[in-house]
Every structure is written in structure tokens, then in C-alpha cells.
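Each chain carries a letter (A, B, C and D) given by its place in the written order, and its residues are counted from 1.
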């Protein structure tokens, strides 16, 4: 159900520079809809990024990460053409995995 | 919808050939579009944009410059609208005035009918030292008393300026808060106190 | 004489400095905030979804939008936006992008008008199909120069009506578009207001819409942007894909002529 | 028809179980688990305590980079970084938020201890970067002002 992520992974010198954009509402559970009803919480709890089989980032998130989350980081040891795979899971059990090829 | 634009187009071609009154006609077409395409919502009624007073009409027609006679006639007619407080008390509670100055809501299509309107003064004016998020469409009002004094004349001028700024500047960008019923008499007193109470942060 | 001048100048500096610096550093920090946002623009997610929607066959006719003529021939998306709004012969009418999309959704894809204009502006949990389509189509004009035409008589009419609209003062607050957008270097709160009568400002403003608005968490189209301006102007609500708004868009697009298009952007 | 539909369902549910099981167990092995007590803590001190931070040192080797003024509190770009060797864990906390802990990262070997993300801020507040290196905790903070913007409506 979830929309695909936008993942960029670019080799720059020794570093692979990674930028991830995720389409997710990140509902806090504190917001009221126009009818005045509380909108239930719906947010990503965990995210992992793997280069091939190696874990390169591992995040846990709360309700105060912004809507449509953005993450940017760097790691060493990646090669052009290698695969970077990102997976997130939210509090309702929705999950999404996308892969980018390092350029 | 399609038909309207086609009709308008035909009208333009005809009048365009026959007369020179094309310029005013565009205004008429715009009114037709307002009538057919806009809907009243909450306090924001269609009537509000269809039926304008002479000042709105004149300032729309001559938006960037106008003759001295025009300006004077607007200022004179608007000065006559100013109602001073019946009890002779001009200053209310500056703390409430600050709230009014911060509040940008009221009278929008998204606002409730009969809700409390803000003055949104900070949108255009620097007012207090502590609020860094202020606009510059209007002049700074910080240190208002130091700059203008606080004698009776200044107090009356300030009241009239908030009530109907066009009494002093024809086609001013500032809303006519009193004349157009945006703020009531008590609210204007509170905003007056924000500017003219020695204890107000404006004068600290 | 000289020391006296210096003395006065120093006093002047001391007096104005604290305010001037406060004002400048605030706007500098806002500029920095915006720069940081540009590092990652969620509008790209809308562009991806929009491209998918453009190519997706949907009921009732089971066809995609790929035969939609945005002015440069059926299916041509590249560069279409910098020439919109424009006159379309098949309807004998000036249309902006969103009107044209609704037209294609009804005539080519066979949706009813109600279906074609449903949820024009998305919100959390209620995504719009139109905003992603707009994001995709506009992104295909990145780097091109704004080049709307007002040669066709109906295009010229739209421009003139839009100009009237821009200066039209009405409502409880006597506001028009011009109230906030006809002089240089003005701010509302800390937000800089483009002078839409000044070419440089008009180009910069127009070429960065639509945009992902961080305050709303959605990509907002030009029809949405102007409707929201009107709301804050205390005007009543225009129907979606109103000709009055298209006329206003035409006026603004023409003022931005020659500006290099760079949207969807990211904004407050 | 019914039979095949049931098969599909069965396959899906088995896959679902397998996936969920596999994923969660791999997370347990490789990554962090979501810590309800830390995320639900209502003030900075409690959030730090739940993270296991008994004491920490403010360090100039840790940084929080952002604009000093945010035009909108819903999206505030924040970069945190640590120049301390063997930084293995980093977290962002917004002191005045109803729940201060926003996000935390395990930094595997080979990954830079420098991450950029975006958080929501209820209002003007100090934002903390708290990092763990060689079992010790370090921190840095920066005040970010959240302003009222736009036309106010």
C-alpha cells in the first residue's frame, strides 16, 4: 500500500552519500481532523539501510519526525553498482522496502 | 463555464471594434466571473466582493497613483466615518491588545461566523522587542510614545488612524478596522493601550 | 566640521544598529532554513506518483492520460507548463494546467466532471490525484524559460481580466493581491513578499510554484496557491478550476516571462 | 475459485508471518528495537534516563546544526554530528516537545557519525544531540526559534 521511497546513493571519493525521502503521514495522534476528532497515531518506528548484506544505518523514530521523512548520511566501503536497500516499518505494521543502485 | 469565456470573447471583439471602452469592460467580465464562480463560505460572502464602496472602487481603478483631488475627497469622506469612544475612554488593556496584534484570524472563508477577529498588526508592523517575527508593510510602532508623544491630539489621531486609516492616507494598505467592523470599540481600546500605555512593552 | 559629521553618523549608527541587525539576522536565518530544506524535497515523491498516474489506464474507458494534449501535441509533457495558460482550439478557450487536466480526465478517460475534480487538494489520509499529476508535469519543464503567449485574443483577454483581478480591492479588509505584492522588499511577518509587478520578483515567485509546503505537508498547485491567497484576502471561495483564477495565473505567468522554471520547489 | 482464493490467502499469511518473523528477528540481531519508555517520556531528564544516559558531558566535538529560526515548526531540518572516535549511537531530543525524544540511530562501523533529518517542534526550544562513544555519553545543544509565519490565518 505504501508509496515507493526516493533513494539516492552516490559514490563520492570513499563515501557513499545516501539521501532518502519517504512518503508517510507521520501522524502524531495529537492532531484533530476538521471534524474535531483526534487522528490516531500512524508513524514509522524503525528504519534500516543495508549495503548488500551489511547494515549501514539503523534508526528508531518517534512521532516528532516530520511528515514525509528525510534522512541523509554517509558510509564507507560501498562500490558503484552496489545495492542499497532501505526498509521501514510503522506502528500499524505497514512496511516498505526499496532498493537503489549506487551511482 | 466554457460558454462564459466564449461569450466574453465575442463581447470583447464587438466592443473592441465599435468603441474604446474596452478597459472598463474587463472589470465587468471579472464581476461576471465572481458571480458565477465564487461561493459564499463562512463570513466570506460573494456579496462582499460584488458590492464595494466608493473607496474600494476608486482604489481598484487607480491602484498605484491617483490625483490629489481624488485623494482629498477620499480622506474627507473617510474622516467623517470615524466614531470616537462614547465614554471618552481611549485606552483599554495592553495585554489584550498584544493578543489582538498577534491574531491573524477572522472573517476568512475558513473562520466561523461571529468568531473573534484579530488585528494581525505584527503581519505589517514591528511593535515589541520580544516578537522578532514582524512585517514591514507599515512603519515600526516600537517606542510609539517616545516617537509620537501621548497628548490628547496624538491619542485622537491614533484612534482615528486605527478606525479608518484612509482618513489620512487615501487607498492605504491598512484595513479600516473600525469602519469595516473588524475590531469592536473595546478591541480598539486594547490596541490603543498597546501603543499608548506607558507599561506596555511597546514603550519599554 | 569633519569630526562633527562623524559624530552624528556614529550616533545614527548606534541608534539604528540594534534593529537593523535584528531584522537582517532574522531574515538571514530564514534564508538558511530554506536552503537547508532544499537538500531534500518531498515533492519528488509526488512527481514519481504523478508520472505513474499519467501512464496508468483507468476506468471507465481504460485509457491513460498519455494522449492528453497540454498544448504541444498529444502526450507531450516536456516544456508544456512554461507555455500555460494558453488558448486551446478544441475548446475555444484559455485553460491553465489544472483546467486542461480536468478536461483530459473527462474527455479522454471518461470520468464525470465530479470525479475529475474530486479532491483537487489533498490532506493527510486523503491524497489528491491532481497534485501529483501537476508535480510530474511541471517538473518536466525544469530549466526552461517561461514563455506564455498573449497573442491570441482570448489569451489577451485572460491577461487583462487577470490584471483587473490583481488590483481588485474588496471585502472586509479592503485587500487586493496588490496590497501585498506591488512594492519591493516587503515582508509579512518574516516572509518576503514578491513584488509581482517587478519582473525579477515575478519570475522568482512564479518559477517556484507549485511547491511542497512544509506547513501543509502537501504539494500545492497554482490554483490552490491563489485560492489560499484569496482566503486570506477575505474573499469568498472560488470553484476549483475557475476561469477567474486562470486569468490571474495568465497575468502572473506573463509578468514572469523569461524566468527559468524551477519547480516543484519546497516552501513554508 | 474458492479453493484457489483460499490458497492465495494461506500463502499470503504464511509469507506474512515469515516476513514479519524474519524481519523482526533480523532487527533484533542487527538493529535497535523501538523503546516505548524512551519515546513516551514527557521531559528531557526522563527521556535521557530511559535511554540509559546516567550522566553526560557537553562536548564541542558534538554538533547540532540548523537555522536559528524555523519558518515552520512542522519541518525543522537538523544535522547532528560527532567527531568523537567510536561513536556508536546518536539521538535527537527536542527539550520542549511533549515527548522530547525524536529519533535515535545506531551507527555501525564504517558509517559517518553525521546524520541530517527533519523534526517537528511545538515551539521555540533547545534541541539536543546526545551521543554514545566507548560507553560514555556526550551532548551538544542549540536553541531553535519557531516563529509565526505568513499571513497569520
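Worth a mention:
Criterion: a residue touches a chain if its C-beta (ideal position, glycine included) is under 8 Å from a C-beta of that chain, and two chains touch if they have at least 3 such contacts.
Being a predicted model, the structure only gives us computed values, none of them experimental.
Among the remaining chains, D is positioned farthest from chain C, on the basis of C-alpha centroids.
With each centre defined as the average position of its C-alpha atoms, the distance from chain A to chain B rounds to 47 Å.
One simple way to say how far apart two chains are is to compare their mean CA positions; for chain A and chain C this gives 29 Å.
Distance between chain centres (mean CA atoms), chain A to chain D: 12 Å. Within chain C, contacts with two or more other chains are made by residues 26, 39, 188-190, 214, 217, 231-232.
For chain B, residues touching at least two other chains, in rising order: 108, 110, 122-123, 132-133. Chain D has residues 69, 74-75, 77, 116, 147-149, 151-153 in contact with two or more other chains. If the chains shown are joined wherever they touch, the resulting network has some other arrangement, not a path, ring, star or complete graph. Taken pair by pair, the chains that touch are A-C, A-D, B-C, B-D, C-D. By the touch rule above, chain D contacts chain A in their complex via residues 20, 23, 27, 30-35, 39, 74-77, 94, 97-99, 101-108, 110-112, 114-121. Residue ranges of chain C in contact with chain A, taken from their complex: 39-42, 44-45, 48-49, 124-125, 212, 214, 217. Residue ranges on chain D touching chain C, taken from their complex, read 66-72, 74-75, 77, 116, 147-153.
Contact residues on chain B toward chain C in their complex (touch as defined above): 1-2, 4-6, 8-9, 12-13, 26-27, 29-30, 33-34, 37-41, 43-46, 48-49, 52, 55-56, 59-60, 63-64, 107-110, 122-124, 126, 132-137, 140, 142, 171, 173, 175-176, 180-182.
Partner chain B is touched in their complex by these residues of chain C: 19, 22-23, 26, 91-94, 153-154, 157, 160-161, 163-165, 167-176, 178-180, 182, 185-190, 193, 231-232, 234-239, 241-244, 247.
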